[in-house]
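You will see chain A twice below: alongside chain B first, and alongside chain C after that.
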Partner chain A sequence: MSGRVAIVDVAQTKHGAPYIRNLTVSDLVYIVVKELLEKTGISIEDLETIITSSSDFWQGSGCSNVFYFDAAGAYLKDSPKVEEDSALGFVYAFMRILSGHFDKALIVAVTKCSEAPSISDITSLNSDPFYQRPVGIEEVTAAGLQAQQYVSRYKLSDEIRAEIAVKNYRNAINNPYAHRRMNLTIDEVLGSEILAYPLRRLEVADGSDGAVAVLISSEEAARKLTDTPVWIRGVGWSVDHYFLGDRDLLEVVSLREASERAYKMSGIRYPRKQIDLAEVCETSTVQELLWYEGLGFCNRGEGWKLIADGVTGMYGELPVNPSGGVLATNPYVARGLIRVAEATLQLKGEAGRRQVPDAETAIAHSTHGAAGSHHTVIVLGR
Partner chain B sequence: MGEEIEPRIIEGALSLPYRWATGPVGARFLEGLKNKKILGTRCPKCRRVLVPARKFCPRCFVDTDEWVEVGDKGILRTFTIINFSFVGQVRKPPYIVGIIELDGADVGFTHFIGGVDLTDIEKAARELRPGMRVQAVWREERKGDILDIEYFKPVRE
Partner chain C sequence: MRKVAIVGVGQTRCGRRDDVSFPELVHEAVKEALEDARLDIKDIEAFITGSMPAPMSGINAPHLYWADAVGAYRKPIIRVATCGTTGGSIAHTGYYHVASGLFDVVMVVGAEKMYEGDPQGVMTTIWDYRYERPFLAGAPGVFAMQAMEYIHRYNFTLEEVAEAAALLSVKHHLAALDNPYAHIKQEITVEDVLRSRIVAYPIRLLDICPISDGACAVILASEDKARKITDTPVWIKGLGYCGDEQLLADKDLVWWLSAVKAAQKAYKMAGIENPVKQIDVAEVYNPFTYQELTFYECFGFCSRGEAVKLVKEGFFNKDGQLPTDPSGGVLCTNPIGATGLQRIAEAALQVMGRAGKRQIPAVETAFAHAMGGSYSLNSVFILSRSK
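The block that comes next holds the complex of A and B.
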């Protein structure tokens, strides 16, 4: 094999909570896998390995994939599960193709947040029971601590934070798969109730229901299956210290590491110039700025300028989250793979009203853990 | 496949009791709290004092080799004011969570910040600022867990 690995195609549900409430996790998986097979013209017999991604906590049942692995077509197949972050499921599938043992791999991810307790309920279980959980550390609290530190250190205004939310919810209007599609004003964002000061309710990603499936293959197989293969050019992932107090929450060192690795692999030296768009995993407004900085789009503390100057807006030089991002759509475990799917649609030229013209290189970014402790960066190209 | 029918939802809950060992280092740290002492351990390589005490330095990957008592005062690195509820929450919102740099420690310590009037959250936030001094308020009857410190309160020095 050539060593090049391509994304053949993707499929996603119309994410939401009210829309798809009556369907099971298994139904959602079946829908996206069926659609993907129909789109690519392959049959389930053609697939040897199917990677699933979901969370036992979110599903409220151990071994969460046993409830839907058959809906992914994985009966009697080689079908492992990657817990918590589906972007890592993607990386796993990529490595399976690179190994030369498989020429096609399917990755499917699913979460129904509407069936589970809140993001805070679930993520407080990620904190150790001795020191952090008893003092209330979970995803939203950690995002608040990180946001306040950013506000204090860099004198970030409320308005810039709100603009990030306005941008993402507004972009979502152009994305038929997005959950929260809203045309809001800055005042409406800042007028929403305080959740974790300084963060308001509309600045923090709430959960969604949804599933996403991605088919990847070797170059030889891709050439037969699609006219618009999207190449996996680089991947990198890294994890920071566990204790929040051990980290400088504004340094995002694990994102810097992850992006350096992905950029090295893909030959990217000037990310701001060489990347046409990015789909990032912002669980809060301030995180979107931090991820700009960690991805090397700007210097530390200068993420706000990209918002103020419209650089990352839909018509800017480097649009970020044309899909509406995670603020708009957050089926928790699936959100990482949704970033990959959205970046893929952009590079295929199939992103409809959210299409970034002439996109050739895109980033899909995912994070997991309090205040972004783990990061995955995937560079895709046409 | 037939007509639309109303969603049917089956409700359930999980409540599972666990028993977690603190390990010898954790036990000594928690015993320290009982005696109003906050204990860290020092890494022989990077010389950082880590709090809560660790068996090894997560950065250098070597055993820590010295116990160090750090101050129960320090400076506030950052804070957030929590104004929503979730399962297992220890305090009733609104409340403040902070990261504190204790005197003599080289990493931050997460805990509650108290002694601040929270009737107006925006106003309370203006009174808090990174770099301000805070001090532990100890629980009367200490049990050897992290809540032996009730919270850290702002102090003027």
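The block that comes next holds the complex of A and C.
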């Protein structure tokens, strides 16, 4: 590999905000790309490649990237689209810089969930039409099956689950970009209706509208563009079996694989000690615990202890989702790149009221697929 | 910069494939590619997959549905989708996987099962929903506008261009007879083309590609690995990708800037100054005969407005100066998510000298193209026997 790659800067919309409903997908893309170019002081002519990330199903258009191609500034540029998970768009851009063919790359991701059917409806189309779709397997029901398995295997209490939701919605209050910013009690979470037993409405990530853009560059270019580059230290991504019945939903093998690859590349041996904060992609409360385990923050079945002991709270030893995470903000395909953007703001020391003090190393994690079948782990450092 | 080579290709028989499910179809291509490169699935470090807009096959995030069929369990897999250009885009993605130094051997897989969906319905959703979708259906209508624009730009008569288009159709249909993977295998005459029914004036049925079910897989490797895997690595000497605006009225569809620039980028990287002299065979993405004429001009195979004359002279025939689409091209086989990758696989086979009855003699350098989006995305590869 040739040299180091840095994140220069990031930009995001105020996700799920009322003003966004009147804007098109192209408008959202344009807003974040323009803001990022202004922030970094480069012009669109300085960029040769723009990696976009969106979903044709979510956008209701074939070739969703073509629709906002001009808005992304991609006219007459090398601009492909990575589907379903913008964290993968980020790793593709990273590979392009590593190759030495490009010295700068912009990644932009967008989804307007308000213009699409529900997450359950769209993700039921992720299920094959023969076995899984007819019995109602989609993101929410799969998360419910996974949660129930966790509850029965590890005797997880309702209160711990609710505390995760309380933590994330409360953290979101400090995040001006977050969608659902709420100060809730455990009783309020447990009092919301059941969506997929045992998960309740406030334990499951609903959709948002939003866009996010990230500029990365070679070390040489980064030194000229910013005083606070954030280095990409390691990446890993991996997939599990497709059929839920073929998987132990609590083993999260693809997350273990992805994190091992990212840790190996970045020289991380003791994640809990060496990582200062993590932005994870929890589509349900129980998934946040599973991701702790898969990321090696604790042993199997012990994720709940990190919540009980406040380890992953805002003032804990390893804060997780100081932004409020995906429960608070979920513009579906953009959510992975938002994790990268939030981790970057933390390492730059620009996270405002959600800032974790002295953050040196952070993780951005993303997942898509039923019960977290595909995972991406990105290690960032100052 | 790290060199990247193609070390194996796999294609399925294309056509209506009711005998297999979508993952089974993909698996066929993967298995073929592994056998071709004499590799085991364990040797593949990462997978790059793609297809048309996922609604084409009615499954969202199809890379997850394919994951076990391609053998990606616990390995990196990514989905890149850019409509018709997908086959080119995933090959680009595979190239950067290896060129980055993160991986040494990766597999690129493209597939489509179009008979299970409503292809023209899905393609209608590519057009902008405010201005264009209300009066554009599917693909042929736009191709027709493009054809008319071409005819008027260079003051041709319709008959002159229709004859050249028909000659191309006859040539590709004849070539497809030699391609065991091709879908439409039918010997036709110029009169058959000119008498076939009009789909969108002036485009006739035999000027148009079919819909197909099919899959294609290509294995890419770093220089060290490539030399160990095969005696005939095919080097990716140049690659280019370029996108134009979405709205049709905003762009020139006769002198396509995205096609011109994609080719220029690839030529520059590969050191090609005179395409006709330096390229031995070209696999052009040619879903419509009239459109193919514009591509020849954009790629510098001839000057502007000259393609009609050269087609009539046999310039692009199998024994001509620059043979195009000896596979029969997209016109005879079109599983869209795989189609662009088939161009690369076919070009690679030509360079390896293993293209069977469709082999062009002594191919040193080959050209492979893909097009998609709202006639806005173009990808070009230059493959060569030498580094």
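In the analysis below, the second predicted complex is superposed on the first by the 378 of 382 C-alpha atoms of A that agree within 3 Å, B and C clash if a C-alpha of one lies under 4 Å from a C-alpha of the other, contacts with A are read in each partner's own complex, and residues count from 1 in each chain.
The definition used in the following text is that contacts are C-beta pairs under 8 Å (C-beta built on N, C-alpha and C of every residue); 3 or more make two chains touch, one makes a residue touch a chain.
All values derive from a computational prediction rather than experimental measurement.
Of the two partner chains placed by superposition, only chain C is touched by A:Val82; chain B is not. Once the two complexes are laid over each other on the shared chain, residue contacts for A:His241 go to chain B and to chain C alike. Shared-chain residue A:Pro129: touches chain B and chain C both. By the document's definition of touching, of the two partners only chain C reaches A:Cys63; chain B does not. Once the two complexes are laid over each other on the shared chain, residue contacts for A:Leu195 go to chain B alone; chain C is not touched.
Here chain B and chain C are compared by how many residues of chain A each touches, and C touches more.
With the contact threshold set out at the top, residues 60, 129-130, 241-243, 246 of chain A are in contact with chain B in one structure and with chain C in the other. Residues of chain A touching chain B in their complex: 21-22, 60, 117-118, 120-121, 124, 129-138, 140-141, 144-149, 152-153, 193-199, 241-246, 249. Those residues of chain C that touch chain A in the complex are listed here as 1-2, 21, 52-56, 58-61, 63-65, 67-68, 72-83, 89, 92-93, 96-97, 99-102, 122-126, 128-129, 240-246, 257-258, 261, 265, 372-374, 376-377.
Chain A makes touch with chain C in their complex at residues 1-2, 55-57, 60-67, 69-70, 74-84, 88, 91-92, 94-96, 98-101, 122-123, 125-126, 128-130, 235-243, 246, 253-254, 257, 261, 368-370, 373-374.
Put simply, chain B touches chain A in their complex at residues 7, 12, 14, 18, 20, 22, 26, 30, 50-52, 58-59, 77-84, 86-91, 95, 97-100, 107-112, 121-122, 125, 129-130, 145-147.
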